[in-house]
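Heads up, the next two complexes both have chain A, just with different partners, chain B and then chain C.
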Partner chain A sequence: MHALLILAPFLGSFILNLPFRKVNKRLSFGVCAALFLLQMAVILIPDFGLNKINPAALANIFNFDLGVDALSKVMLFCIGLVALVTLCTNSLFLKDSDDKFNFINVLLIAVSGMNGIVLAKDIFSLYVFLEITAVASFILIAFNREELGLEGAFKYILLSSIATVLMIAGIALFFLVSGSTHFAAIHSALLAQDKSLLINLAIALFVSALFIKGGLMPFHGWLPDAYSSAPAASSVFLAGIVTKAAGVYVLIRILVSIAGFSLTLKSVLLFVGAFSAIIGAIAALTQTDFKRMLSYSSISQIGYIILGVGTGTVLGLAGAALHIFNHAVFKSLLFMNSAAVEKALGTRDISKMGGLGSQMPVTGLTSVLGSLSCAGIPPLAGFWSKLIIIIALWSAGFKTYAVIAILGSVLTLAYFLSLQRSVFFGKLNAEFKNIKEAGFSLLFPMILLGVITLGVGIFLPLVLDKFILSFNAVLGG
Partner chain B sequence: MFLDLIILILLVIAALWTVMTRSLLRASLGLALVSAILTLIMFNMDASLAAVFELSVCAGLIPVLFISVISLTQPLTFKEAVEHMRSRMARFWELPLIVLILGVILVLLSAKFKAKLPALETQASARFVLWHLRQLDLLGQIIILFGGVFGVAVLFKERKKRG
Partner chain C sequence: MTAIALLLTIIIPLFSGVGMFIFPQKMRRVKEALLILSSLAGLCLSVFLFKQDFTFNLPWIGPGLGLSFRMYNFSAFMLLSTGFFGFLIASYSVVFMQGKKFVSQFYGYFLLCLGFSNGVFLADNLLAMLFFWEGFLVLIFGMIAVGNKDAFKTATKAFIIVGITDLCLMAGIALTAHLSGTMVISSINLPLNNTLANLAFILLMVGAISKGGAMPFHSWIPDAAIDAPLPFMSLIPAALEKLLGIYFLTRIALDLFQFTAHSALSTLLMVVGALTIILAVMMALVQKDYKRLLSYHAISQVGYMILGIGTALPVGIVGGIFHMINNALYKSGLFLTAGSVEKQTGTTNLEKLGGLGRKMPVTFGCFLITAFAISGVWPFNGFFSKELVYDAAIERGWIFYLAAVLGSFFTAASFLKLGHAAFLGKLGSENTKTKEAHWSMLFPMAVIAIVCVVFGVFNQLPLNHLIQPVLAGKLAGHNFSGFPASMKLVVITCVVLFLALVNHILGVRAKGSGLHALDHIRYAPGLAKIYDLAEKRFFDPYNWGLGLVGIISRISLGIDRGINWLSDGLTVRLAYGFSSGIRKMHTGNYSVYLAWSLVGMLVIFGFLVIF
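Let's look at the complex of A and B:
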């Protein structure tokens, strides 16, 4: 059944480009939204009709080796959710029907690529799907063909190419050691030849590539430019899920399914995670561009996720997965808030804003929810994921890193309070007296994500044990 | 061994020329040359199928695509080209040095690697591997091609309309 998660978006895009394009254009939004909703339903509802399809029936046609565990389920749900809100954002920002149609097609290709990344059990297949996601991301960043967007896309291409070279070299070395590209075969070969220089080199190459793809400091050069220069809907998609699927998820998958958690690797992950969490937050504090501030905030939050992963424990991994979900929700929400403000004001310069909360109450309120969740304020969802990560760090004996994580949270609160005060509170600039809220297609996903942030925060304690326990299997426990 | 070394040195020289040359056209020809030399290496290593792909796609099709795109751009004047070359030399003078140092390090480390490619899991034909064992990769390649063609068509078509 999971093969359909890769095939359906691709086939959807393919069919939409067959003759009768006028009809297809009208149908494209509905088809795309239905596919994303189905993806979420398949993950969320175990008894959903599609889940009852006999795998053998599909195996006769497609011989795909795919795997699903608790971590992949979190990712697949996030992909469906962020793609859905991106679709809504796109419908408001692109006026031309051709542009809207083309964007939807690229979005479907990107979703197909990311679903492939999440489901692959073979390192070469994973690489192929990473490239699909990268190609779709270049197009999404440069979509408006404005100078800054093209520059952002170029930087992304350049650094992504370096990551690709490192990754393919790593794959070649893994193949040299194990004679296979399957996760399980490489893992067995690695266990048999522990501490080989070749294996360490392969792991180092692969992990470095994923640091670039994940936008971690000091490999983050492409991220602020790509996020801030991309069209509004592309920013929501990139910041919401692409970096996490192409960077963070693959890193976790490689560690969990292939490399394991050696002490050296843990130290590297914890250092890079802490460095990104703190320096990203300090860089965010100094920004005056709304989207750039959110971009640096993303680097900082990804640092948090890596801190959780770096513990190498079930608790840390569960915290990281929960923070991936939370970050996908609140960062998509905050990028939508910035898009709504930019659409209303025509600028992203925070220093020119103020008092917008009275004119844009929904944007203001959801922005407060997103910011506070990002800063880890209870009872919002972000509080739980940060708490789990900090507890995991402390209980694994990395007490200094736990303190650094708390400090990072304080810095996050500082730049988000500063952002809120400058944008939504204070005196309204006379020039912005007549501005209005964005349209329903942006308000609806904002409210949806705001409700998820609040709802997950309030109800998570009820399922917390179950959620953490499900990650035992991911670590092979 | 001696032949391998000569081919590898040629490969590095061609690659350096590709990235250092002042003309885009020469750079794409350099790329074709790199692929052609890589093809020799692949043939030498009994990877004839990969060599044929490398020769037809990387040494043939891709440089043709590059050259056709370059023909649509406006070339630099001689003065501009010389200036560009100078600034490029000033920025990238260390590149050959880095390649040399990396080469020496890898040669020194190679004794420690002691890796020998294990026997392959299957001796199946390329057709069987592609259509049965690597079906997911094949689907991935189709999606990449579709995405790439779609992206180029979308970006260029729009630009033409606006222009």
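Let's look at the complex of A and C:
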């Protein structure tokens, strides 16, 4: 039935644009929210009614192959969650109802594209969904039609198109080698003819393309500009899920289903992951723009996820998936905090802030939760995923990388503490004496995500073994 | 019934002590009544329990760690003494402390002290004893700290010195328990035949003699004499500390270890005792303050006890314990006379005192008796206990005897000086209207003075009923009561005391005043420099310790700064430098970003191909 998850948002945006736009506009928020909630429910509750619909019948309509495993489920849930909070954030920031309506339409298309990415088992369908997502993202970044946003979108388009070129070249090479675009077929073809130059080139092209999409160093050039110049809601969406789905998830899928983990490939992943984790964190240290700091932090955290993937073990993959989820939660949360602060103050310059915690208690408190979770402080959720990744690195024999990962955590804590100190603690700038806490539609998702961070952190240990075991199938398939 | 009475000796002072802190400030009369009644109850209970012999167990933490109490003749003796001094000094304090600050705190600490020392005397378990012993430490700090404005510093000094030696005691207890496999005092009897046992003995000994106030753990006492409230001096350093320290030293020597004469440890103890006698009394000689002079004697006298017990001979141990109780009597009596002088004239500075004998006849009388007693004049109690100690000392070596006798000479000399300066001579112009102290302050002094005489004239009373039972079975048929056995030593003592008198008269002739009668010793060639340095506290081990701590802390600070520079300076500067470097590389120029991506791709491709 998961095909419905691709179809539903798509149809949703289609239906919303039928006649009776006035009614549709009013309904759009509710419909959209319901859809995202439904998506989360489908993942969380196995006995959910929709799950009983025969998948084959629907999938056959489109004639492409779909597959669901633990990793896809994590992704689908994250997509639903982040899309929901993006929707809430947006409703506060866009005043014009037409803009709101348009944003929701694009959002639905992006969600549909990402659901497709997550479910596709065919390399060409995957590429198509990637492009759908990318195009939707360009629009989201440039949504306000302001100079900076357009510039960011432009940079994203340029680098993303390079990635597209690399990817399509890679797909062509795979097709050349195997005569098919299906994962399994390519995989068996690769196994048959080991280590040819062509295959290496194809893999290099694909991996590089995905590094660009995922924003890993040194392929990250577009990311800080795009994240920091995008409208608030788009930042939340982009940082929370788009780059993870379009970059990291696809990378994992390609590695697991097509390329396989060779030692060389592992070394590339580990190196790039560690490089991003450390350099991203160091770069974040001296940023003065709230959102830019968060962008570099994103690069650093994606580095962690790639470190987990690079182990090539079940534990590492589980850690990576968990970190994707945690990152979706805490990075969306932090971007929402930055949005709230920006809305209240009219600036993103950290050096002008201070003592905001007294005026914006919910924002302050949830940002502390988000920061600490990101830095991997128990008992917050981020602690467990980082711990699993570090344990996976250590037990897979990459002890140097385990140590680097721990050092990266220290750096993360360093820049988040300095961020907290200069934004929410300390003395309140007299200029900002009369600022108010953000509105309910922003506070609600903040509190929701804060509770998730804390709740997952506290209750995850109870189901951690089951969670990790479910990744056996990911690697086996 | 007896078990309950035994517990009450600890519980009553503790509860009423805590009550002092709880009751509001205004209930002064109630507090005073509570102080006197509780201490009286302690005295009555100890009389009731006297001559009882039983063990009482309270199950506590677990097997072997029960809170066990043992009542036997030594404990009974100590309990009785505590009750006696507690009651007398309590009734003295009620008048003395009137109009002073922190009175209820002082009363509270006072009662808690009584409870804790009873706990030490009764505990039959090293852990329980340690609990009460350490509790005492906190109380000493509190009692000194409520004194005058410098008191806090002195209290800290006392706390550090006593705290460190208490740590030694703690280590000693741990070692003893390890060696013997039990914490029950009455079932420990270790042979001193290996290094660990010797170490345990020394550690316990350090704890005990420092509580007694022996050198080199003494230096807080003279400071406390000036800074702490006077009843504190009279109760703690003069009486209870001697009782506690010497009680435990005796227990170590008699019960916990098989301590024998002519062993190295015995000699060590005797050396500590002899040095304490001489050095402290030399310091006492030159003091110009009534209380400070007494405090040095409080240190010096403990030397006799340690010397006596250190001989490990029955005569020495009996002499040491007898001297302990005698000293507690006359020393607290002397401090009480100092208190009434202070209360009536407002000072204890000997330069400003003089001729008080006519104005304060009862105080002067009490002073005379107690001063005779401390100088060892027949027939007062100090004479008999000192003769016993001499007897033991000369058996172990003439040098120890010499030190003890020399100590006696200086003691007598300094009390001649003190008495002359304070009570005889010309009446100071400020003190012409001085009156005798309140009767309730005179009463404790008088009782103590009378007991001094009784313990001397009828020395069979304490010796046969209180002290010799402690050594039951080890006396080998001796009885040390009555007139000293060795006439030769008595004659020497008389000659020494006579010489002290001659020395004093000559000194007064030369300098013209009692206060300066000993200046020829103070400014004697060779001694003058040493005295100068001593008055600057050059010889205070506490100051050496502080200096050492200062050096260590400076080194530690250096290391800390170094690490700090590495972690907070260098690394941070590196990280920030690196960070701004990275920031400068992000120019926003997309062709640069493009180049990075392509180079990255080529490197990955190359890597995949090569490996």
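The criterion applied here is as follows: the second predicted complex is superposed on the first by the 468 of 477 C-alpha atoms of A that agree within 3 Å, B and C clash if a C-alpha of one lies under 4 Å from a C-alpha of the other, contacts with A are read in each partner's own complex, and residues count from 1 in each chain.
By our rule, a residue touches a chain if its C-beta (ideal position, glycine included) is under 8 Å from a C-beta of that chain, and two chains touch if they have at least 3 such contacts.
Quantities reported herein were computed from a predicted structural model and do not represent experimental measurements.
Of the two partner chains placed around the shared chain by superposition, chain B is the only one that A:Ile6 touches, whereas chain C remains out of contact. Within the superposed three-chain model, A:Phe425 lies out of touch with both chain B and chain C [touch as defined at top]. Look at A:Leu197: by the touch rule set out above, it reaches both chain B and chain C. When the shared chain is aligned, chain C comes close enough to touch A:Phe211, but chain B does not. Once chain A of one complex is fitted onto chain A of the other, the partner contacts of A:Ala283 are limited to chain C, with no touch recorded for chain B. Touch criterion met: A:Asn102 reaches chain B, while chain C stays clear of it. By the touch criterion defined above, A:Val268 lies against chain C but remains apart from chain B after alignment on the C-alpha atoms of chain A.
Touch criterion met: A:Ala120 reaches chain B, while chain C stays clear of it.
Applying the stated contact rule after C-alpha superposition, one finds that A:Phe138 touches chain B and leaves chain C untouched. On chain A, the surface touched by chain B in one complex and the surface touched by chain C in the other have residues 197 in common. Here chain B touches chain A in the complex through residues 109, 112-113, 115, 117-121, 132, 134-137, 139-144, 146-148, 150-151, 154-155, 158-159, 162, going by the rule given at the top. Of all residues in chain A, those touching chain C in their complex are 154-155, 158-159, 162, 166, 197, 200-201, 203-205, 207-208, 211-212, 218-222, 224-225, 263-265, 267-268, 279, 282-287, 411, 414. Residues 6-7, 10, 13-14, 17, 62-66, 98-99, 102, 105-106, 109, 112-113, 116, 120, 122, 124-125, 128-129, 131-132, 135-136, 138-139, 142, 145, 175-180, 189, 197-198 of chain A are the ones that touch chain B when the two sit in their complex.
On the side of chain C, the complex with chain A involves touching residues 575-576, 578-580, 582-583, 586, 588, 590, 592-594, 596-601, 604-605, 607-609, 611.
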